[in-house]
């Protein structure tokens, strides 16, 4: 594996999944692999789970980890040929080239604008870093995907799917007071396509995700109908893709409640966190024994570690 | 020791003191103890001494240290049952649960509101973290106490008390341009009760600390009288407890001056820092040979190390 | 070497240069030297290269590195005898004294005010830290100098000068939308005086640097004339020294263009970064094969490492 920004970067996803589950059993097994290697984590946006689990993963592999908050540094320019006479002090070409000389792997978090769909969906910042860097790039969530989250989610589903051959996994939209990216949801669908599950999306009209990610997956606009017989309810808010970045009015109540969970086949509740309690999900659901949110967060460490391990081996 | 948030968390305070003084002689003695362990330091408020001495203490014990500035992350909700539809993106329940999976010990700094006395004195943020975390919690200063500071102060008094059996220790209020927490002062009194000293507090009328901390300790409103025969003058500003969080007008001059120090029995001057020179204390006092402020700061490393060491041993 | 703040702190600059070039060949050669030593990097201003390359250098030497962003902490007072009753919570005397007890070396970045020339050129903050600290101080760029950059630049010139005995090195001013410090330029001239080069400065009238740094170096106000026969064009913007901190209007175009580079003897292009593309330098120049900007940035690690190594040996 050279880079880790999307599913297609991974040659054998099933093998990566197995390695992640294996590392969870023995996190320090490869502690010599990262000796004298450095990963730099570059954050253009806030982070709790990704920030800490990635640093922990690096430590487990014996790597050094340098965390760099982009707000500490120079404002970056991403346009080619720009005449940089306003406020952006450094071009991505220099930034990526320079950092590559100080680190063996670069992790980057960069959120979408939610205003320019074309640019967001080209994931311009992430892929410009990849272009101008000379070392592997790991996405710590980009404008359109969050593959470390998806791998951790897949691990969680594998751990709890025991009883069923092809569990029904429903990605359900839920309300939120702010317009949020589509990255976690896009990425979840992308990775679930290679998991052995029966996948469905449910969201209000106007909230259909990009066809690039929903192709071949049934979209159900009746949430209650979608929940019937579900084994996993994966919940996430996202802003509209069609009316890009907008929060459209939704007349019905889409919050995940105990009432709705009763429609499922005793489904597990999943969410990537952070989550707005009693807006996205009722306390009674997230605090129930069938809530997997802490399991998912825990798996973030081993997902990151499996990815870093595979990259380290290829250096 | 499970947690370290107040004196009552410590079974044998005298033993902890001795360990801290011993570690000062040989800081790297337990460097293998922390191998493959991680402490996460979570700051809701600014810090210099605590931030650096705690990281140094962790390094001395061979631990990894992850520093997390809460302002980098999601704004936290602390109310149970809250409908989180405004600006707080993550509930303490998830934050504490998640971080517990990435770290073996969590250190937390959280200052009081100075507006809601009941909530501040319940130390709600600290103890909610303790409730929802699954790993030990170390206070890096909470709304009501600063036990790492108190242990370092106690070490300092032990080192300089040589001549006297029961030295007179005076906690003196001093002026300050801002309303400050009562935590350092509360905590100092709490810990001095188990030190073998003759303890007194002096502060202007209206500035008496909470009876929870002053019970059994004489309060003298005449600063000069309190200073007579003192061996240690521990200085600190605090806002009013009675008129909670207020800066009440004080007609007399409470700054620590050479003139006042002459009333003592050649007392040492102590302050936890940061200190407002020529407001809290005159340059001539803090720059004198009897000023212990740098000694106190130095002891912060070994106090933190003794606490982490005891917690590591109990894991 | 006790401190590293300017050329005169270095007894044998040529030896330091050789050590830096040697470390570049084998960065992990002295990995045991820094065991159980800690460097603290204190930033009063933003940084990318210095921040990361210094941490990398410390890791290569086996040291622990604590990064402290001064904006996280208490606002510092630098005036002696100040009555600290406004917003500055801690005096440099305490801050420097305290940090010295937690770290074996302290690195400091502190930019000039660009309003008070006398104070800036006394480098008051840096040298007060040096005065009140009890451990070695390394400048991570001060008000008047950036010696780690200069050492890395010197390394780069040594690596690329092969053909010529005494290459012509031209420091050229270039335009910039903001008023910038003179530190990099001052420092470059200071260090080039001990390099075996033919040195010249070119800048518009009104932009002559401090005579302290330009003494004995020809200043040419005609940029094209200066470029004739040059082997290295070192470009940098700086604000006026005479009309201190001002951005004076410059009628001619001082941007570094392919056209101007043709006047040179196939000169290499150098810049310390970050650089404003198409303001300071045209894309075609910085993207050409004769651009050394990434080489310079790479050498920052080994320059820092050579300095830290020499200080560690003297501890």
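Some observations on this one:
When the chains are written out, they are named A, B and C in that same order, and each has its own residue count from 1.
Basically, a residue touches a chain if its C-beta (ideal position, glycine included) is under 8 Å from a C-beta of that chain, and two chains touch if they have at least 3 such contacts.
Please read all numbers here as calculations on a predicted model, not as lab measurements.
Although chain B and chain C carry the same sequence, what matters here is overlap: shared residue numbers make up under half of all numbers found at their interface. When chain A is fitted to chain B on its Cα atoms, the angle of the rotation, on a 0 to 180 scale and to the nearest 5, is 120 degrees. Here the spacing of chain B and chain C, counted between their Cα centres, is 39 Å.
Within chain A, no positions touching two or more other chains are listed.
Within the complex, the chain A residues that touch chain B are 28, 31, 43, 46-49, 51-53, 55-56, 59, 69, 177, 273-279, 283, 287, 293-294, 297-298, 301.
By the touch rule above, chain C contacts chain B in their complex via residues 36, 38, 40, 64, 66, 68, 72-74, 77, 81-86, 89-91, 93-95, 97-99, 101-103.
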